[in-house]
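Each in structure tokens, the structures are laid out below.
In what follows, subunit A forms one complex with subunit B and a second complex with subunit C.
Let's look at the complex of A and B:
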């Protein structure tokens, strides 16, 4: 970590208005909590047709798209504004957690399992089409966050359990902003380490400032992994020495520094698996909503002589989320290993290069969710008008059903742009990783991973060129 | 002209070029929602592109019974100025996740306002219901122009990213060189 450079780095926290807004977390959490409650109410008691219900529309069309927009333009803003943490904090005033999160469950294993489970259940139960199920999913999320964090100290729900959080942590590697010390020399002389341990109240009436509950010690933090952008470190630092500043998006994927609370990415099997599930899950999730998937499902069902969707989906998930990645990654690793100076087990080679897939994964997720967001951009307007009118508050007038979103001909180039950008990022990261792992034969070490990126890019372009279900925004979607 | 002015000028040019928002563009949208027309509640969704326009008609029997097998839906379209006679299009009945719907594919040769008459009939239910809707038919897209217009910001962003990565690398190498003392 370098000291302050001669040219001052931009600091969003010291930017007028924006800085003040970012530091008031409740200002974001309270409206989102109220919105979540409204979505639960409308999901349970409103119309049960997905395009006419705010819970399905805002969760599956708008929230997911905006999540990625925020991650790519700023950072992990939606973790910062997470309403689950507001309820958790309130619950912790009643019951203080006394236990430590079990060592066996640390890392990302639980979060990865839940991320896969969410992807699976989304397809199996058609969550996007069920306001009722979406409302219960939100309630279940609140219950899980409160249960875990009331029992266990720190923030184990965010760090190890929350599937959305794990998704955000991976994607935030491409965020243009990062929290870091303003001046490392100030940190060098720090005795209290308040950014990690918290700070005592300055005055008797004031609350104590919380340190990083995810165990990130700011001077040794590297990248955005595990950072929820809660800004507790900013509030706790007595020297006001924390800034939210720009950096090269994706640099943390190839620099492979040992970071506080995270360690080295290349040595953590759970982070490699998370990157793999994130990338191949993006393709699988997009595959689940294009027309060829129905032909594949029918073929599997006929071969097995079954009508069980659970069985057919299980086979599809095992094929695309286990068999396919294992074959492709093992092939690339075996080819790449020949160029490495030391003979490593294939698993180790995969662990060193897996982060290179992340930018492409982000591109696929952004293209897919961007499609839903942009084609259904304004669909929440008439649905909100109708919901208010049903409650007797016709404040917003009669539902203006004609508003929709951008036409597909506009959205498709945007999708292609996101995919190409993601692939370019993956190429860059894989190239830098190859240069690091095999300085003398970087091209030979890079070639298989570059080929894999091209192959996955081709698959993604083909997938997104298929007729796509307009889930949640359209009657037949 | 400085760079800020250039950016503002480009943005203003794009705004002038942009199509007015009043026309519908995008995915299918509802033109009739839960309209009670005994014995059904009717919803109609439309995707009225120049060339092929599509209409989805959903019927919910008000008495809660199943939809009769002989229920038929047809769509009749004519330009709103009445210069051409109405054309008639049948629909296909199909099942979907939440019930049944009728889908009609209609030929719209020109971009303008059209009057769309949706007719629902059933001998068993002894019913004949009509709704006349006014929709604006818009082009599906501009082909290669769309591709160029919406793809170039991503290409520019990619070039910027690569440039930043090169500068980042040069800076890291310079820092490493400074922190490694020369032993010779």
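Let's look at the complex of A and C:
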């Protein structure tokens, strides 16, 4: 018998140029900080027309789309390059946090509430149409990141508060790359646990290397949940034993291993709720930009005899983000429970299968944001030309306002492909979860969740087929 | 400085940073002023009255501060959605033969939703006029 030597796992951190670039976080953060400041300045003092302003254009069209491209092609790159953390680190040089983040606020509850609040305010205040509001939102993020992390030690803003971060943590389950030990035996003999606790400076004039502020102990880390890809663990490890390598995207959703700093997903109610809000929120957010939503909103307004957009939107959010998920998930869980070997409360069954919805959720977000990114791909060029010209630097020539992106007819098949891929991923994850939860009756346990995925896919395709209509004036206000 | 004093100073520093962060957010909330305007009037009429996705006929009536029609102008417009990232459409308006100061042309609305028109007019006497006109609720098919 001949033995075949296994090929070494690829490690992006040891790839020439790319590895060096990834390890220099400031190289990414400083340009993004400058860009964020430019967006704030243009949002506050530039033209108050969304298509003519860099803040609305780059935030709501390009940033959101590129965020998902990065997550699906590499990993949580935009958390790695987050400019809020650069300002926070500077603030912490002035004031070091002394308190621990309150136990009652740990987990994802605050982040989920803020994620829902952002989705709600996005619709209520038409942030997509307001450069000024978008600039204010960016400043609010900076203020929140600095305030939370100057008062509390660790990285509570990233781990528990930041709505973008929670979104990225969920979607990064489908990323193809993950940080993990290069050789687990090296970790077994490690005494210092520097990847978690940080490393002392080698020389007096050198700064100490920070350990993972999100509490992920690398040898016991499982998946990308809570990993901002900051690479502090890489810099802290005295054995240079951390690699950024490939893995099966989505596997962490069904493997359900107990991971450092996270625990088991199936036992975390907040993670289940985050996955549910992420998935149903994707459909709700897409629903907000197609024609039928206005008929629904008008019908609600007429029934209530109100012209309050707040009231109508609240009802819509409660219906689509609370009532609908509760009914569908409770139905699927009740049906699926009959095949499980032990009789669990419905909530527990939902917690065990909720992660199966994540790939479909990613597919819906990617289809939605991908549409905006691709159809408006080059629209930033004339806006940047005009902004520079207004500052007296007409380096890029006269604005060419006709520049757009791909045609809708080209983008729609891409959207459909993303939805189908997402649904296929959800099917696979639900199937593996069913195999794990009900080894003898996996098909029966899977069937309701598979049906739910098909139902949600149908809703997403229906949304895709609707005429788009983006309005902030549905009640004539 | 003893331990208690150090803790006190550190607390003050932290409060200071939080206040600076809050101040940044407050400064950000100061909105810029609106656009300046001359005394000319722009009256816009669509056919159909509530535009739908597709081509809409547009009539623009321009009068100066004295109520006299602004004739002989060259009018161009750019139609944009209020959502960023959508490709604009462009149109040129021509003056009516029998009505001075009344210009007509076709505007293409490629998607339902809120739009606005950026109207530019140049007149033989060198005067120029710019207006932003809201077109809320273009109907989807």
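One rule holds in what follows: the second predicted complex is superposed on the first by the 462 of 477 C-alpha atoms of A that agree within 3 Å, B and C clash if a C-alpha of one lies under 4 Å from a C-alpha of the other, contacts with A are read in each partner's own complex, and residues count from 1 in each chain.
Following the convention adopted for this analysis, contacts are C-beta pairs under 8 Å (C-beta built on N, C-alpha and C of every residue); 3 or more make two chains touch, one makes a residue touch a chain.
None of these values were measured; they are calculated from a predicted model.
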item	value
Partners on subunit A (subunit B, subunit C) - clash or fit	clash
Subunit B versus subunit C as contact partner of A:128, first or second or both or neither	second
First, second, both or neither for A:402, with subunit B first and subunit C second	both
Subunit B versus subunit C as contact partner of A:60, first or second or both or neither	second
Partner chain in contact with A:421 - subunit B first, subunit C second, else both or neither	first
First (subunit B), second (subunit C), both or neither touched by A:107	neither
First, second, both or neither for A:261, with subunit B first and subunit C second	neither
Partner chain(s) touched by A:410 [first = subunit B, second = subunit C, both, neither]	first
Which of subunit B and subunit C A:45 touches, first, second, both or neither	second
Touched partner set for A:467, first subunit B, second subunit C, both or neither	second
Overlap of the subunit B and subunit C footprints on subunit A, listed as residue numbers	48-49, 51-52, 126, 129, 375-376, 379, 401-405, 470, 473
Subunit B - residues contacting subunit A, complex	24-31, 33, 43, 45, 56, 58, 96-98, 101, 138, 140-143, 146-151, 153-155, 157-158, 161-162, 164-165, 168-169, 175
List of subunit A residues in touch with subunit B within their complex	2, 48-49, 51-52, 126, 129, 248-251, 375-377, 379, 382, 386, 399, 401-410, 412-414, 416-418, 420-421, 424-425, 428, 432, 470, 473-476
Of all residues in subunit A, those that touch subunit C in their complex	40, 44-45, 48-53, 56-57, 60-62, 91, 94-98, 126, 128-129, 132, 135-136, 138-140, 142-144, 146-147, 150-151, 291, 372-373, 375-376, 379, 401-405, 467-473
Footprint of subunit A on subunit C - complex, ascending	7, 10-11, 13-14, 16-18, 20-22, 24-25, 27-32, 53, 78, 80-88, 90, 111-114, 116, 118, 132, 136-141
